[in-house]
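The next block holds one structure in the form of structure tokens; read it before the comments.
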Amino acid sequence: MAFALQVLMNALSLGSLYALAALGIGLLFGVLKLINFAHGDFITVGAYALIVPSAATQATLMIGDFHPLILIPCIVAVVVILALIAEFLVFRPLRSASPATLMIGSFALGFVIQNILIMIYGGRPKAVGIWSDLSLGVELMEGVEVPKLQLIIIGVTLVLMVVLVLFLTKTKYGVHMRAAAEDFRMARMLGIEANRVIMLAVAISGMLAAAVSMLFVVQTGILEFRMGVSLMLFAFIATVIGGMGSLVGAVVGGFAVGAVSILLQTFLPSEMRVFRDVFVFAIVIFILLVRPQGLVMSRASRERV
Amino acid sequence: MEPKTPLGHMVREVWPLIILSVGLLLVVAIIQSLDDRIISQSLTEGLIRLVVVIGLYIFIGNSGLISFGHIGFMMIGAYATAWQTMDPMTKDIFVPGLPGYLLANSHHWLVATIIGGLVAAIAAFISGLAMMRLSGIAASIGTFALFMSFYSLYLQWSTWTAGQSSLVGIPVTTTPWVAFWFCIVAMIGAFVYSRSKFGLALRASREDEVAAKAAGVDVTGERVISFTISAFFVGMAGGLYGHFLGLLTVDTFYLPMTFITLSMLVVGGMQSLSGAVVGTIILSLVIELLRKAEKGVDMGGTNISLPASSAEVGLGVILLLILIFRPTGFTRNAEIYWPFKPKVAVTEVTHRQS
Amino acid sequence: MLEVKDLEVRYGRLTALRGINLSIKEGEIACIVGPNGAGKSTTLLSISSVLNPTAGTITFDGQQINGTRPEDVARMGVSQVPEGRHIFTSLTVEENLQVGTATRRDKPEMKRDYERVIETFPILGERRRQSAGKLSGGEQQMLAIGRALMTSPRFMTIDEPSLGLAPKIVDRVYEVLIDLRKSRGLTLLIVEQSSERALKAADTLYVLRNGAIQLAGKASELQDGKAVHKAYFGFSDDHEGEVMI
């Protein structure tokens, strides 16, 4: 029982990170029909923003040294500004292009961001200790101890999801965003400002990326210029198996991928554990063979072409 | 001028192929005549990339789906070829996990390369059966995930791939001329495929998937065929690459390689063979120049150089500019056309081919 | 109110509209009829600035429409019920109507308009919390019209309001449209394939075929139908009993 609870907490916290990343990707896909291959690099930039820009192997905290109440808005601002710059310089000029062209554009953008990071910070991984006391354990119940961080990750994810749902259903701009995600042209014909909706979606996606940055870097304690890429890959898989264009699907997919990863991690024989990601992928292929349209169907999943 | 003889017609039909082959031959001959070892190595690398890009074109150009996974097939081909050509003694040390037959025997590099391509093709066929059922964008993500999983598999599979260290002792057999002939074969393959009924059916689905399905085209099946053929060429390119470097590391086949080859295709024009060739030539030149600039230029005694990674950033920016200002690439997705025809007919021909 | 001058629209090599002219006065019901592929929807999409004409101008109250964005046209007071209705199926009925008020700030007026829409189409009130995708075809058409009304338009275009609906519901839709003109002074441009119903409702009739206006005139003067028939099909109806389609 204690063991099962431990596994459950692991699965929930990993799934939370995937779900948050998948939400950021799914939001932009909904409104822009953009598969944002730079989303992982937005996450990476949020993490690197914690330290002093230098190629030194030893990381020195900059923003990372601030009080959390200042640190969090700072990192969110950095990532949101980066996302908005991407919107102005890349996504907006490609607005009328095909989804495939947009996708390659974001791939190019991600590649540029990664290499600019190498230019500034060097290519080697760096250790950063931030909020390391969060990895201390908390006793949930008799014999079950989980790191504080896991609870925080799950809690933050829950709060962000609730806020996002409230925004999308209870506010005017949220309803506009959902309308635009389903039928962009019709939304514009009713007077919804295309640029405003898109910028809002880009900004929210950036905020979600920033949240993932902070949670992820506290968890791993390592900065690496591709750290966001693998996270993004799992988030992509989450959006595909969840059903493209469905935000509920993105969350369901995120938790499903997290759960599968943790179960494999826990139950695979130790010499097979290094192949965990390969197994995850094999399971994904199987899911897609059974349900090519994803676990959650959505009308908006039809491509814009 | 309309060709009158049957031979004339045939020449006209394969005109893009002729002009591209001759152009490439000239490029190779001129560069080889410089007799510079460094330049000649860059040339070989460029030609191998060209085989990859042509392979990419076979799938991306005809299906309209973007694949981020082909460098995975290049890696599979590279290792499968190396397993066959390495000296049995070296294999015992580096890849002791290989099955007995492979450990004990070696194949000629040409046979090995073709088999390497076939292995990649088989991998593509099996994974394609699942991937190609997905809709366009989801299929692209699928190929990306496929690539990452091949990558992590090879990275961990140390008894077959030497894992995170390098696999050394691969005979160096890929010369510029070997790579050139593979380019020619790949071009012919791509050309014949895109004119075949398979290629035509797939391109019909690229223009209008619903209509193609209604006309009885098995879109998934056609995509799988194209995916498999393209992986065959990309896999052979992997074999050539291993036998060019003389060693293999899994990390060679990662995002930068994916990015560079995909850029070449897009910059040239995704939907034409000429685009694949032109894009590879142009970007290879740009890469060479930027790499030179990274190393630095001596000007009045001081060494002025661009920071590391400038080449990559430059490539990314070029690709973005092309996507924004000329999304159909340098060739505007058209083949190099028959030059001896009145203008009106020319547009008709290019339209049919694009 | 709406002036369309020498409007030409091309899709690549295909010319969909070859220089058409429309002149619609405030408070009238204008109707465009024409066979499939005549360019009717293209005309409406150009008026909403979804399509960019290759030549010609569209002005609304003296303001130029072509060259602006669809959202600007909506702001001018032009609303459209497009072909296929395009309601937001993942939103509730209420939310669909809410999206219609995107450009507005006048809260009390918005509330009154909402009540008027519900009054006109009581079924929408009953189902306001339901997902719009669950509505029947006729209900969706009502929602699309209601949503267009929520923008508080001065000019409204409707693409094939009768398509796919039972005759009884079509009657109801037309009743509402005619009533809207009376009660709100709304100017309407209706597009239909069949000329019969359009003739009854319209003040002005345009027959569009092959991307060109074949016939334009007061509906009351075109009642005999022969000229309309000729313009519509491109030949006259002299051979009685012959099957046309």
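As written, the chains take the letters A, B and C, and residue 1 is the first residue of each chain.
One rule holds for everything that comes next: contacts are C-beta pairs under 8 Å (C-beta built on N, C-alpha and C of every residue); 3 or more make two chains touch, one makes a residue touch a chain.
Keep in mind that what you see is a predicted model, and the values were worked out from it rather than measured.
Among the remaining chains, the Cα-based centre furthest from that of subunit A is the centre of C.
Taking A-B and A-C together, the chain pair joined by more C-beta contacts is A-B. Taking each chain's centre as the average of its CA atoms, subunit B and subunit C sit 51 Å apart. Subunit A and subunit B have centres, each the mean of its CA atoms, that are 31 Å apart.
Subunit A and subunit C have Cα centroids separated by 43 Å.
Within subunit A, no positions touching two or more other chains are listed.
Interface residues of subunit A, counted against subunit B in their complex, comprise 29, 33, 35, 90, 93-94, 97, 99-101, 103-105, 107-109, 111-112, 114-116, 118-119, 226, 229-230, 233, 236-237, 239-240, 244, 274-275, 277-278, 280-282, 284-285, 288-289, 292, 294, 301, 303, 305.
Within the complex, the subunit B residues that touch subunit A are 64-66, 68, 127, 130-131, 133-138, 140-142, 144-146, 148-149, 152-153, 156-157, 255-256, 259, 262-263, 266, 307-310, 312-313, 315-317, 319-320, 323-324, 327. Against subunit C, the residues of subunit A that register as touching in their complex are 172, 175-176, 178-179, 182-183, 185-194, 298-300. Chain contact summary for the complex, subunit C toward subunit A: residues 48, 50, 69-71, 73-75, 79-80, 82, 86, 88-91, 95-96, 98-100, 102-103, 133, 147-148, 151.
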